[in-house]
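Worksheet for the structure shown next.
Naming follows writing order (A, B, C and D), and every chain is counted from residue 1.
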Amino acid sequence: MIIVLKPKLSRKDETAVIREIRKLGYKPHIMRGVARTVIGAIGDELTHQSLESLPGMFPNAIESVMPVQKRYKFVSREAHPADSAITVLGNAIGGRKFQVMAGPCSVDSEKQLLTVAHAVKAAGATILRGGAFKPRTSPYEFQGLGLKGLKLLAKARRETGLGVITELLSEDHAEMVAEFTDIIQIGARNAQNFQLLIAAARTGKPILLKRGLSMRIEEWLLAGEYVLSNNNPNLLFCERGIRTFETYTRNTLDLSTIPIIKKESHLPIVIDPSQGAGRADLVAAMCKGAVAMGADALLIEVHPNPAEAWSDGAQQLSVALFARLMEDLKPFIAAAGRE
Amino acid sequence: MIIVLKPKLSRKDETAVIREIRKLGYKPHIMRGVARTVIGAIGDELTHQSLESLPGMFPNAIESVMPVQKRYKFVSREAHPADSAITVLGNAIGGRKFQVMAGPCSVDSEKQLLTVAHAVKAAGATILRGGAFKPRTSPYEFQGLGLKGLKLLAKARRETGLGVITELLSEDHAEMVAEFTDIIQIGARNAQNFQLLIAAARTGKPILLKRGLSMRIEEWLLAGEYVLSNNNPNLLFCERGIRTFETYTRNTLDLSTIPIIKKESHLPIVIDPSQGAGRADLVAAMCKGAVAMGADALLIEVHPNPAEAWSDGAQQLSVALFARLMEDLKPFIAAAGRE
Amino acid sequence: MIIVLKPKLSRKDETAVIREIRKLGYKPHIMRGVARTVIGAIGDELTHQSLESLPGMFPNAIESVMPVQKRYKFVSREAHPADSAITVLGNAIGGRKFQVMAGPCSVDSEKQLLTVAHAVKAAGATILRGGAFKPRTSPYEFQGLGLKGLKLLAKARRETGLGVITELLSEDHAEMVAEFTDIIQIGARNAQNFQLLIAAARTGKPILLKRGLSMRIEEWLLAGEYVLSNNNPNLLFCERGIRTFETYTRNTLDLSTIPIIKKESHLPIVIDPSQGAGRADLVAAMCKGAVAMGADALLIEVHPNPAEAWSDGAQQLSVALFARLMEDLKPFIAAAGRE
Amino acid sequence: MIIVLKPKLSRKDETAVIREIRKLGYKPHIMRGVARTVIGAIGDELTHQSLESLPGMFPNAIESVMPVQKRYKFVSREAHPADSAITVLGNAIGGRKFQVMAGPCSVDSEKQLLTVAHAVKAAGATILRGGAFKPRTSPYEFQGLGLKGLKLLAKARRETGLGVITELLSEDHAEMVAEFTDIIQIGARNAQNFQLLIAAARTGKPILLKRGLSMRIEEWLLAGEYVLSNNNPNLLFCERGIRTFETYTRNTLDLSTIPIIKKESHLPIVIDPSQGAGRADLVAAMCKGAVAMGADALLIEVHPNPAEAWSDGAQQLSVALFARLMEDLKPFIAAAGRE
C-alpha cells in the first residue's frame, strides 16, 4: 500500500500514522518528496488487513491510500500462466476449438425448445441455452417455467446430445438446477450476489459468470475468486454489455474485456452479443468482432420457430439467420487461428 | 404502447404488424404522420403481454416501441395519493418527525457496538444500524460476525431502546435475521436479487431497499413492487449513490431521488450519505442537503470509539462529529418543516 | 510519482526503468515489497515531464504509474487558503450574501426579456441570465439572436440595474460579448474547449465555467486553471448535472461538488438546477439542497410571461413560482448562515 | 411527436394542450387508451418548432413527450442509401480497400516524424497522423509545435506521398490548418464545439469527427449534420472510446458503433484503438475486432524511434509492433471482404 500524506504535516501527526501502519502489521518505508511525503507500507495486502480505512481515521493527515498488489489470486494469470479450458460433454471451452452456445431466451414449451435445439445443433452449436428461471425487472412479467423448464432442457439434451446451460436465481435451487444442467449461469444482476456464487460453486458444476451492469473488471475477477476459492476451478467469464449513458443500444458491449481477461486471467471468456446489443440487427457484427478479438465462445439467443404465428415466418428467419451467421463466422474463426 | 413504423413501409408489412398487435390483445389505432406511420396499441400494459419484442419480430418494419403506461402499481403515488409512514418502535419514518439511523458499518464487538449505540442514542438517533453479514467485493475480506453479530444487536436494542436495522444477504437467513431486527436492509448489490426481496418481504418486517449501483429509478420502483406485491406494504427506499465516471467520490449521491421518489411514490425516502460519498469529510454537507430536499430519514455510519487505539482519539472525534452534526442539522430540519 | 513494477522483474529491466526515471529529472527511491517492487520518483510533477508514458515504453516491466501531486495550482485551496469572492456591480458572489442569477434560457424578444428581468429583480435576483448565442445539438434548432440579443441584455441591465451573464460560444466573439456582459458563461459542451477558455480569460471579465457532461472534478479544476494561469483570477465554478445512465432526469445534478469545490478550491461554486434536472418540477427541491450544502449562488431559468399565449397563464405561474421559490429559500439561507 | 397526458385529466386541461399543439403548427390526433390519453402531433418535426418544452408549460397535464422522427437528415442512410467514400490522394476511405492512418500522437521533431512516416508507409499505411496543436487537460502540459508542426507534416507528406490528418483546435486556425492537411480532425473534447465544426466545414477539407466522451449516437450524427448542412459532404465518423465507470482502460471503446453508423448513415466509420484503450497492449486485439466488424479505417498511434533514448529499443519495438500488426490484420481484412 502507498499512503500519501497531506502537505506540511507535523511530525507528531506523521508519527501517529506510522505507528498505526506498524500496528496493522506493515513495515513502513518513508519517502520525502518535493510537495508531499509518501509512505510505502510493505506487507502482503491479501493477508493483512486493508489500509483503506486509514484516511477515515486520519482525515487531516492522509490524502489518499493506493493499493499496489492485485486483490485476486486463483483467477489470476500470475497464479496459473497457462490457459485453462472447461470441458462440457467432450467439448473444451477455452481450447483451440471455438464454441457456440445458443437457444431461446426462456424455455416456453417443449415444441419451441426442441425445434430450436435441433436447429442450433444442425448449425454447429454444441451447447443449448434456455432460461427456466428468469429474473425480470417487473414482478408482473413471465418468471419462467421453473422445474418444468429444467426437465424440458434435460429432454432436449437427451434428444440432441447438446450440453445445457441455464441460469440459477436462488441459493435454494442450486442442487436442483445442478442436476439438470452442464453449466450454471449466474446472471448480471446477481454477479455480486456472493451467497449465490458460493452455493453455485459448491455444486461442482462449471459456472458461467456474467459481468454485472456496472461492474469494474477488478470486481468481476474478484467475484470469480469467490467461485475458485470455494474449490470450484471451472469458471467462465461472460461479457454481456455494461450500462452507460448510451440509449441506442440497451447495453454497451465491452469487447475490450476479451484481451483484458486473457491478460489478467487464465480462464475462458465468453461473449453474449444478444444481451449486449439488445437488438438482433447488431448481433452478427458483434459476433465477428468477438471471434476476431480472441473470445473462446459465444452465447447467442435464437428465436424459436413460431410456425403458426407469422405468415412471413419472421422467427423461422431467425433460425435461418443463426445458421447463416455460423457460416459467416467461419473465415473469422480461421483468421483467429481457431477451429 | 406506441409503435413507430419504418418510413415507406408496404401495406402488406403494415398489415402483418397490425395483425400481431391484435393477436396480443391490444386495439391498434393508426396515425399517419408526415414522415412515418405510428400505431397506438390500446390496452392495459400491465396485464397484457409486452410489445417490446415486436421490433425483433419485424426488424424491417418497426423502428421502435415506446411504453406509455407506468409499469409499477402498488408503490406508485397514483395508487396511494397520501404519504405512507413506516413505524418502528413508535417512531414513524415518513411522518413529520425526521429520523436518524446510525451505527457502525459492521458489528465488530460487544464493546464497540454498545459504545456507539449509547452515543448515537444520546445524540438523538432512534434506530441503530450495524452489519452482521457483510457483502464484500473480495472473498478475502471480513464477512461479518453472523449470528453472533445479530445477538449483539439484540442486546444493544434491549439496553438502549433503539430500533435495529441490519442487512440480509441470503434467502436462507431471512427468518433468522427477521427475528433480531426491526428493519431488514437489502443492499445495493442485491437490489435486483428478486428471490432475496421476496424472502425478505415474506417475513413481514419493514424493508429498506437500497438503490443498486446502476439502477434506473423505474427499476428501483419495480424492485420495490416485488416487496409490495408480496403483501408487505412496509417499504423504505434508500439512495446511497450511483456509479458514474467520477472517481473523486466512491459513488455519486443522487439527491434528486428525494423529490422524484416523493413524486412517483407514497413511500418514504432515506438517504445514506456515508456510502454515497465514501468520504467522512463530505457527510455533513450531504446530510444538510438531504434534509433540505425533503428526505424522511438519514442512515449514517458512525465510527466506534477505538479507546486504546489512538492517543489522539480519532474515532472518539467521529462520535463527537456525529453529535455535532445532529446539532447542525436542527435549523435545516426546522426550515424543512420537520421536527 | 509512484511506479509499480511487475512481479519477478529482472535486475536488468529494473535498471533500465530507473535510468529513464533519472533521465526525466526525478530522483528514484526504491521500495522492495512482498509481491512487487515500487519506485518513488521524487521531483515536482508540475514542472517535470509526466511519467505517465512510462508503461508504454516498458510494457513488460511496469504495471502502473500513480501521480502523487495535485495537477492544479492557482485554483487550489492550498495556494489560497481563504475564500475568494467575485464582485459584480457591488454584489459579491462567494461572500456572506447568497446570490441568485435568473432569467430566460434564450433571449427571444425585448418584451420577453424586460418582463422577466423586472420580475426576477422584484423577487430578489441580482444577476440576469439570458442566452444570445445558443449551442444547439441540432443545426436545425434556434441558435439565438446574436448581437441583437446582447443589445437587449444591455438594455435590460440599464433598466433594472441587474448584472448580466451570457454565454460565449466562439473565440471570435470574445471581445464583443465582453462588451455587453458582466460575467461570461462557458457552457458544458465547451468546458474543455481550451482556446475558448483562454480567449474568455483574456477579456478580464469574470468567467462562469460550467462542468462538462462527463468531466471529472480534477479535469474541471484544471480547466479552471486555464483561466487563472491566463491572468484572470475571477472564476466561478458551476455544476449543472453530469451524464449518467439515468433517464428520468436529463442529467444527474451532483450536489457533492459543493463541499468538494469548497475543499479543493478557494473559488465560488454556483448550482444550475434547471439544466441539472431538465424538469421544472424538481427545481425547487434542488435549490433548497444547494443552499443547505453551502453553494454561493444559483443560476435559474425563469420562463417569460407569455401573456396572450395561455388563458391559464402557465408561464405567469412560472414567474410566480420563481417568486415563491425565493420566499421558500429564505429559511434555508438563514440556516446555512447566509443572507 | 407523441404527447402522453396525465391520467384522469380534465377536458378543460386537455383542450388547452390541444390548442397549443395546433398553434405550433401540428395536427393533433387523439387516442384514448386504458390508463392514459395520448396525442399524436402530426407534422414535420424537423421544420416545425419542437414540442419538447410542452411539459414545462403544462406540468400538471403532460407526462412526457416523445419524438417520432429522426432529427438528422443529410448524414442519414435514408437520405443517401448508398455508401459514401471520402477520397484522399487517390485512396478512398469507405470503399473496398481498408485504410490505415498512423503516426505519432504529437509532432515532436523532424527526425521523429520522418522516421515514423517512412516506417508506417513501409508497413502499408496510406495516411500520416500527427498533432501540431494538442488539447491538454492541464495548461502545464505540452501544447504542440503549432505552425512549425504543420510544416513538418507537409514535409513528411512531400517525402513519403502519404496523406496527412491533423487536429484543428481553434476557429482562427481553420484556414492555416486546411492549407497543410488532407483531413481535418475534430477531437473528442470539441465534438460539440459547433463553431469549430462550422469553421472546419467551410474549409472544404474532409473532416474526421471523433465521438465526444459522453456523446450519444444521435448527438454524434447531429454534430456531423453541422458539417454536411454547411455544404461539406466529406465527413468521417471516428469512434475513440466513451467515458464509463470502468477504470482499467482509459475509455471504453464502443465497437458497436461500427454496425450502428453503417445502419444509420452512409458515411465511413474509422476506429481509433489507441485513444480507446489508452494501453498499447490492447491495441492489436481492438484493431482485429474493428476490421471484422466492418470498420472502414483505423487511426493508430505509432511511437517514434527513440534511437539514442533506449538501449533496449522499446520504441523501435513499437514501430516493429505496428508492422507486425499490419501483417496480422491481413487475414481479418480478407475475411471481412476488404482489401
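By definition in this document, contacts are C-beta pairs under 8 Å (C-beta built on N, C-alpha and C of every residue); 3 or more make two chains touch, one makes a residue touch a chain.
If you're wondering where the values come from, they're calculated on a predicted model, not measured in any experiment.
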Centroid comparison with subunit B (C-alpha atoms), farthest chain: D
Pair joined by the larger number of C-beta contacts - A-C, A-D: A-D
Separation of mean Cα positions, subunit B and subunit A [Å, integer]: 26
Whole-Å separation of chain centres (CA-atom averages), subunit A against subunit C: 38
Between subunit A and subunit D, centroid-to-centroid distance (C-alpha), Å: 30
Set of subunit A residues in contact with two or more other chains: 214, 243-245, 247, 281
Residues of subunit B that touch subunit A when the two form their complex: 16, 20, 23, 46-47, 50, 55-59, 71-73, 135-141, 169-172, 189-190, 192-196, 213-214, 219, 222-223, 225-226, 229-230, 243, 279-281, 303, 309-312, 314-315
Subunit A contact footprint on subunit D (complex, rising order): 214, 216-218, 242, 244-249, 252-256, 258-260, 263, 276-277, 281-282, 284-286, 288-294, 331-332, 334-336
Subunit C-facing residues of subunit A, complex: 2, 4, 7, 29, 31-36, 38, 40, 42-45, 66, 68-69, 78, 214, 243-245, 247
